[in-house]
Amino acid sequence: MKKRKLNKKINPAPFYSIALAAIIGAVIILASGNSPLTIYSKLIVGAFGSGNGLQQMLLQTTPLLFCGLSVAVSMKCGLLNLGVEGQLYMGALASAATGIYFQGLPQWLHIPLCILAGMAGGALWAFLPVWLKIKRGTHEVVTALMLNYIAVLFIEFMVNYPMGDRNSSVAQTDVLPSSATLPKLFIKSQVSVGIIIGIVLAVILAFVFKQTILGFQITLTGAGIKAAAASGVNVNRIMIVTMIISGVCSGLAGTVEVMGTYNRLIQGFSPGYGFDGIAVAVLGGSPVTVIFSALLFGALRAGGMALNFGTNLSVKFITTLQGIIILLIAAPELSENIWRKLRKYFAKIKKREG
Amino acid sequence: MEKGVEMRGISKAFGSNQANQAVDFYCNAREVVCLLGENGAGKSTLMKILYGQYKADCGEILLSGKSVDIQSPREAIKMGIQMVHQHFMLVPTLTVTDNVMIGKETKNHYFYDRRQARQVVRKLSEEYHLDIPEDKLVGELSVGEQQKVEIIKALYHGAQILILDEPTAVLTPQEVDELFKVISQLKDDGKTVIMITHKLKETMAISDRVYVMRQGKMAGQCLTENTTIDQLSHMMVGHKISKTEKERFYSDKPVVSLAHVSLKNHEKKEVLKDITLEIREKEILGIAGVEGNGQMELIEVLSALNTNWTGSILFNGTSIQGKKTARLLSEGLSCIHADRQTNGIAMELEVPYNFLMGFWQTDEYTTNLGLLNWQKIKMDSRELLEEYDVRPRDIDRKILEFSGGNQQKFVVGREMKRNPHFLIAAHPTRGVDIMGTSFIHEQLMKLKADGAGILLISSDLDELLELSDRIAVLYDGQVMECRQSSAYQMMELGRLMGGRACK
Amino acid sequence: MEMFISIMNAAFRLTTPIAYVTLGAVVLEKSGINALAMEGIMLIGAFGAAVGSWGSGSAWIGLLTGILCGVAVSMIRSWLCISHQANQTVSGVGINILVGGVTAMLLKIIWGMDGKSETVTALKDWSLPLIKNIPVIGDFLGKQNPLAYLLIPVLIMIWILINRTPFGLRLITAGEHPDVLSSLGLKVSTYRYLASVIAGVLAGIGGAYLSIGQLSFFNQDMTSGRGYMALAACVFGRWTVGGAFCGAVLFGVAEAIQIRLQTQVQYTQFIQMIPYVVTLIVLSGLVKKNVAAPKASGKSYREQQ
């Protein structure tokens, strides 16, 4: 009799990290004078307990999903994209400009055009660090970080002057014409079809990595750059292509926020999604599992907002949890060891009581 | 008379590999001893035990008659034993002086007194005629000069016994002469020098005594003045029973022709010198030679991983100049690389991915839409595991979960399955058991009969003699000799591999 | 002239925090651990200083607590990397996010306010008696924060430590070629931990300057990327103490000029971009092949047992 084997071994590390983070979080909650049960249930209710909460969750998840995909793609090739923040802003700018300056186009043309512009903006910003690294040996971490700041400042300029809304005191552009606005997912909600685009993108990326020769070359380069070169892969070209795809994802993060959530480009609209994307990607690992880690972080953020009212904790508690999760994932051996020790400890206590 | 350093009955095993078996060794002050042998003979292991890097399974070490327990290199250094490794322990961005001083810096109160340090280094340099400018960055020195820095460092840290691991492997002939002058000086100064080498001529030139190791055992020991190169090569290579003559056949049509191919490495040293070779259809050309004499570079050049060569290389009649690896692979080249874990497989990926590594350059495993046909890939992967007896028969495992021997069988199988017109096989049976080895040999003969040309690089002379139609001996980047394998005498092969040309 | 004095004044004030963190970054990078976590270490230093000053009423105690917090976080990060082979880049980013969250969270718990703490006792500027009377120079050199005055002695001390002591030589080796240290029987982890302590102290001082030197309160995310600027200055200075310091000065002066020009130029964002663009140009133009990075930086090292 043939047994069906599990094709993929599930990596337990992310689950250990989440579990440990929850425990550490409970300790922090206790130290702040609250009850972990109260706080955690507030989180859950905040995210899932109401229509508003669910919407907030989807709103938070969308940019996290794109940014997570961006970093996950780069990680497949053995690189870490630290420039996601700048890339998403450039994507936002490109799509907003295409939306505002090309008026009078029909929606079926305008929306794809804006999306393409957003993808290009992100792709360009991701291309620069890797190109400089290959051509001139420049430290790609610093170039990516510098480009983040340059992008943010450039958008600040654009949003305050050329593209700024004259009638508003807030630093933002005009509203995008309806031809360049993404349709909403539910009536009377801010959530747009952007999240659907994200999920579709994740599936497409997963497909590319699994089923195409390009995906194979990227995976091989990430797993062993010398073995890849020995089997004929042009590793420089693959690295550039990977970063461009990564940039497309980050560009889309900004694009979807502009065209879907806010319908305009607002200065500073990203509270650090670029770096959160690293957390999402590191926890998720591959394009499809990134969907779930993005949902997790999105739910945490939405729930976290509920903490702002009535408790002395704030949504920043969620940021703290995020940081803990990243640290635990960064040292996978550690999480497993701690988890094992805890299990032994609890088993001993049980034995003593029993 | 008390012996300076004595090792008695040393045995050491790594898993199933008995690296040293009941080895006896001794050396005294004012002596140069050469430890001679091929790759895998056990010389490095023995010296690493002396240097404290490994611990012997049994046996003892005596210093000046007293039994000692050397737990770590730091203890060995304290006892005056120093090793100059093949891969230098030097920091290229620091000066010679700084490199020598690390760990035992000359101090002025709490500060590092560079002026005093420079004087100390200069004095040592002059005393032993090493002539190294103490302020130069190590990265700017030639390899020979870097080696001298290592010697100064060893002397500064108080070495009485210096172990040199294949010191001449990376040197030009002039640098070798200089090194030997230094070794003589060290000997006159009362030091002991142990030189690990495979080079016969140099052994005869510099040593007082020679130890020959073979397959983990001490094959012989003699005074240099009482022996000859022939005797040494005989001891090194041993009495091998030659197998019955196999039918040698090959066509006249060349698959790969190299003409006057030379290659310089990034330190501007010539690692391939004027190589002219031909591999014909239905031929196995064996390359004999100790590792490090140009084999790696030859492989890299032929597979387009290194394109800085001069000369002419023709593959299937056309020059490979300007062609990329992927192109050559799709034109019928296959390569079993020497370092499989770096070049042959991707450790963290599962079997099907590693299988595809050999085939993605063509559309053998893509569907009409250009997508990967995983069903076919998995099926053929399973078949490969079956055919080459790779265990466990589980294609869902990552390749790092397989033992070295099984990994090797996998790589060999993959490359053979590509039905190449030209196969480069570097150490194809390394780590493989007897059954697997004989199966691989069978496949190689089959491939040859089908019309392919095979370049076989191996440190196993038995294998070379059994499989090759012709054998070329590579020494120091040059082809020493190339003729029918039946025309070689065992001793002659050993001599050629050690660098001594015939007549 | 007046503009010159005000720019120099601003330059001093703005360079000081960046310079401290940069020195810490150089020491850490040279030992073989990358300095991505400096942003978080600086932030916890700023926070710890504010809390210490608020709790004790003395700014100097605040400085001490700031330093202690910086060292603690630096050691945690290094412990993950050294003893548990954690990915240095991911753990660096993780520390930055964690500290950002923890400090903001504690802000609300301690002071009940969102985003900003109460005013705390700050280190008062010193007025150097003779120097302040020198025309022009005295106007900006004579009245600065004690931490600013401390900067130059600290710079000299760090330079001597790295370049003129056995410890410095071994630290450099740990970053360039850790095998060499191991082969001599020295432990690579010792030097990396010590480097982490030094980096923690320096970044802690830099952070403390922000909350109890330049200002007198803690603001959420008040480091605003200075930790990353420190990394850029380190790369700019080719991982040398002096060069990195010059990079930090470049950033400080550029920021000072930018603030001054803001009132005179309309599109200030381009002025603000100057330090970042300059860094980019310098990195891609002048540095030929990335030969300057400590070879072992960013890679974890398994100590030979």
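Letters A, B and C mark the chains as written, and numbering starts fresh at 1 in each.
In the analysis below, a residue touches a chain if its C-beta (ideal position, glycine included) is under 8 Å from a C-beta of that chain, and two chains touch if they have at least 3 such contacts.
The structure displayed is predicted, hence computed values, not measured ones.
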Considering only which chains touch which, label the overall pattern as line, ring, star, complete or other. complete
If chain centres are mean C-alpha positions, then the most distant from chain A is chain B
Can you check which chain pair, B-C or A-C, has more C-beta pairs in contact? A-C
So what's the Cα centroid distance for chain B and chain C, whole Å? 47
Please tell me the distance, in whole Å, between the geometric centres of chain A and chain C computed from their C-alpha atoms. 28
Can you list the chain C residues touching chain A in their complex? 34, 36, 80-81, 84-87, 89-91, 93-102, 104-105, 107-109, 112, 114, 225, 228, 231-232, 235, 266-267, 269-270, 272-273, 276-277, 279-280, 283-285, 287-291, 293
Residues of chain B that touch chain A when the two form their complex: 303, 305, 324-330, 335, 337, 342-349, 353, 356-358, 360-361, 366, 370-372, 374, 396
List of chain A residues in touch with chain C within their complex: 32, 80, 82, 132, 136-139, 141-143, 145-147, 149-150, 153-154, 156-157, 160-161, 272, 275-276, 278-279, 282, 312-314, 316-324, 326-327, 329-331, 333-334
Which residues of chain B touch chain C once you look at their complex with the stated criterion? 72-74, 77, 85, 89-94, 98, 101-103, 105, 107, 110-112, 114
Under the stated contact criterion, what part of chain C meets chain B in this complex? 160, 164-166, 168-170, 172-173, 176-177, 179-181, 183-186
